[in-house]
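Below: a set of structures, written as structure tokens.
Across the two complexes that follow, subunit A remains constant while its partner is subunit B and subsequently subunit C.
The block that comes next holds the complex of A and B.
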């Protein structure tokens, strides 16, 4: 009895905010409903058929999301690891540097997006007139092929500090005598890093890869602030698609179907990566 | 000696390089602050330099326009309500679920943490409708309460894992002395789980304070319920953004976080690391 009294509030709240809306999404995905008509009309799997049909742009948003996530994972982890190796060393002011890289992470992603929008639009123009460097004169938000890189770059910039501190924590946990022994045995810095540090860093790498995967798949705020999915549909993430379908086009039924497919997509992708990572860890 | 000198040189080179990289890295944040002190013409003509004639006009305009004080209060109010509920309900549930292990508690635990797998965008459309029926939309208290539901899965998971490390003997002896379960939780367990409570608070404050989409859906209609990020959002339009005001609004939104981060850097970083490793 006491067990129920103490645990039911948590269970009740989770049910209200997550399970019920989730089940409702499941139901509305089978309906046509514009939010204005009183009752949604049951149409079976028609929404899903539409989304898998040839005229649908939904597959494109999944493709973008996967691309973004891959770019985000690779570059967040490489840059963070490199910075962490430098910042894990003991020197005066090390904490100040660590703090500086962490600052964008404590800022709202929407605001980060706007700052960079300003830099891409106004800052680059000025820098170009000062330096004449060609890449500053490109339309980083207006050119469909460049906008992807702008959005992904800002995503990496915002959360790099987070992965840096995770890697620093991992590096500090590596016993120093092992590294010293390697140096005594004549290992070059490169050998030391790839043969000893990196394998011993396994758990941190797993954590960082998994976190960057789930954060990449969820990308939304930065895109809304920077490009709103444009130009055209060049930076349309699945989250953006669901948002626009529901709140701009008022297709709540179709939006719910997209939301359900997005859930399945995220579930499969994360489980797949977890499976691969756990297999790799056994190999080590 | 040669080795030592080489190591010294290496260190100096490293620090110089790091200084350069970190200054470029953090420049966009400086740029936001600098431009909030420039008049419009200067923001457009020279967006990257220090202000030539610093002015407070943008700041005072934005503070008055968005009622900064009351929006700041909204942010604090929503965050405090959210955190209090998440910490209280999660730690209480985690305590009972860990101490009384049986089929029922295992099921309840699974039900509480599984929603970590549901992305917010999957439920946001219907959430809006559900919250409308419950009258939890368009209200600060309502938004705070909604964060309970979204925060509890992860927080319960973190608390539950930590609870395992606290010896059962401690609360069993309290029970033998006649303390009720509630009493034991309140005066013995809750103080013991302080480190992990702090982790949960750090993670959830950063999340709720900066959250954008949920407030956009739930409290965007009125200045009485808006949050700071939403106000900053309204300053950036599609075409003719008044960047000097936008920069001031963004700077004012970010400033409290930065001040708190400077004061509590060590603890915040520790909390974030602990949260990621445990979560």
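The block that comes next holds the complex of A and C.
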């Protein structure tokens, strides 16, 4: 009885905000509708057929999103783990540094995007004239091959603090006595890290990988603020493609179909990764 | 136990408040409808009720607030709720339309999008507003789905599109006349560059800059083929036309882009509107591409001493084709299902026909008037634009024959061309396919 009553408000809100809209977009994906007309026209699976057709740019955006996600997962986790190991030690100003790395995470993605846009465009120009370093004069947002790295770098930079905090919490939970025992047994610092710390961090790693995976797949605002998906379609993520199709191109039906397909894609990917990750965790 | 009861009550209260939150979308007051019928005479002073105005173009927010203040003297019983946004207006509008909260006055672009919102728009034909509306503006408000009839919108402003240039730099480079042909433009670029200035600043990071440049070339291509611009656009939409059949597009436009990149900004795809305005206003660049009347105030704010010149795009070797383009690229719609339609119409008619309303366009808003008017303007672009269109005629507002969805896609294709990821022929192929896919059929 209690469990039911307590979950009711949350259940109600989630139903209103998530499940019902989800079912509605399921229906819209079967219609041709521009988002404006009063009545959508039912067209069956034609939208899905169009997405699998040759002219669709949907596959290209999936490819970009996967690339981005991979880059984002690998680098945010490696850097966050390295920083966490450094910051988990007790030294003067440790808290200040933890705070510094966390600050970008509490800023809105859009603002971070605009700040970095300014740095890439004006800041680099000024730095180039001061230092003459060639890489500062590259068109980081205007060159299709560089724009990917700029966007991914800012994404990693922004969310690093979050993963650092998760890893620090994980590190603190590792019992000191095991590490001490290892030192007594003559383990080198490297061995200590790879044989004891890393395996015992398993749950944290799983959480962080999973979070970075979903955040990578959901990427939207940072790209919108930095490049708007440009130049050309060089940095178009799937979420942007769905948004563009549904709201800019006035193909709400087709956009919904893309969203449903992407939902299935994300569902499968995350389940696979979760399965693999939790199988590798060890217990004390 | 006490705690349990308390939390149960809290749960219930939260659930209830969530429920009421959803149902509190209040319908229009019952009295509004009755008063709309009463006011059928068109006498605004007897009007009462609310007008919900949700439009884009926040740059005119101050001017519109002044207009609304003034209207309070005319119709004290009317309250106008004015709301505006810069970002994502179409998305917000769609959310409102779908939730049944149709604004009494809302915006879209003119031309092709008139049909998109046809179901919601009131046909203004026969209203007094038509007496003063500029015919060029009115023609962009007709519905093509209804065979080019009706007038489903009105405009806050007319507009001029062309090359904005810095007269001082031209003088310093020894160019007395603005180059009106492609070869004269190339000469001018050489001379300007020799003086150490950047001939162009392009703003190619913005997709809409492209549509403002290629519309002149589309006009020239239509002229050369002996058809109207609308017919040419229709051919592309049906997938019947090829870019390579029209040298004005295939040769001249792509050469124009190549030149703009060669003589333009160091990082063309990173230059957005604000960088473009800065480069031009600070006297680094001689010509600004893809812009028009709206940048003048911004540039003068950066550099009040700027001597601004305005001309059409040199598109061919024929100087007669170098024309400015005028017209209105946006439209305000009156909702036909408005609860107090007559009140809204009275306001709109007053805006276009009263002495205050007519003077408002030039004196308060400082825009190209969308009405037949000979009021003088302080703005160089408007002055030179109207002089040029009187002298040489003005080109068709080709951008309004297509949707912004298409223009955005086309801008992205051309950005890829400039970035070098696709060749000219690949770009043309994509343009042909996407134009038909996005604007065709539907």
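In the analysis below, the second predicted complex is superposed on the first by the 271 of 284 C-alpha atoms of A that agree within 3 Å, B and C clash if a C-alpha of one lies under 4 Å from a C-alpha of the other, contacts with A are read in each partner's own complex, and residues count from 1 in each chain.
The working rule: contacts are C-beta pairs under 8 Å (C-beta built on N, C-alpha and C of every residue); 3 or more make two chains touch, one makes a residue touch a chain.
Every value quoted in this text rests on a predicted model; they were computed, and no experiment measured them.
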Mind working out whether A:116 is in touch with subunit B, subunit C, both or neither, as first, second, both or neither? first
Check the contacts made with subunit A and report whether subunit B or subunit C touches more of its residues. B
Look at A:190 in the shared chain and tell me whether it touches subunit B only, subunit C only, both, or neither; answer first, second, both or neither. neither
Once chain A of both complexes is superposed, is A:144 in touch with subunit B (first), subunit C (second), both, or neither? second
Just subunit B (first), just subunit C (second), both, or neither: which does A:16 touch? both
Doubly contacted subunit A residues - partners subunit C and subunit B: 2, 6, 9, 13, 16, 228, 247
Would you pull the subunit B residues touching subunit A in the complex into a rising list? 11, 14-15, 17-19, 21-22, 25-26, 28-29, 31-32, 35, 43-44, 46-48, 85, 89-90, 92-93, 95-97, 100, 104-105, 108, 111-112, 115, 117-127, 129-130, 134, 145-146, 148-150, 152-153, 156, 181-182, 185, 206, 209-213, 217, 229, 232-233, 236, 238, 243, 246-247, 250, 253-254, 257-258, 261-262, 265-266, 268-269, 272-273, 276-277
For the subunit A and subunit B complex, residues of the former touching the latter: 2-3, 6-7, 9-11, 13-22, 24-25, 28, 83, 86-87, 89, 91, 93, 95, 97-104, 106-111, 114-119, 122-123, 126-127, 157, 162, 165-166, 169, 207, 211, 217-218, 220-221, 225, 228, 238-239, 242-243, 246-247, 252, 255-256, 259-260, 262-263, 266-267, 270
Would you tell me which residues of subunit A are touching subunit C in their complex? 2, 5-6, 8-9, 12-13, 16, 34-38, 55, 120-121, 139-144, 228-234, 244, 247-250
Of all residues in subunit C, those that touch subunit A in their complex: 4, 7-8, 11, 14-15, 18-19, 22, 88, 90-91, 94, 97-98, 116-117, 119-120, 205, 207, 266-271, 275, 403-405, 408-409, 412-413, 415-416, 418-419, 421-422, 433, 437-438, 442
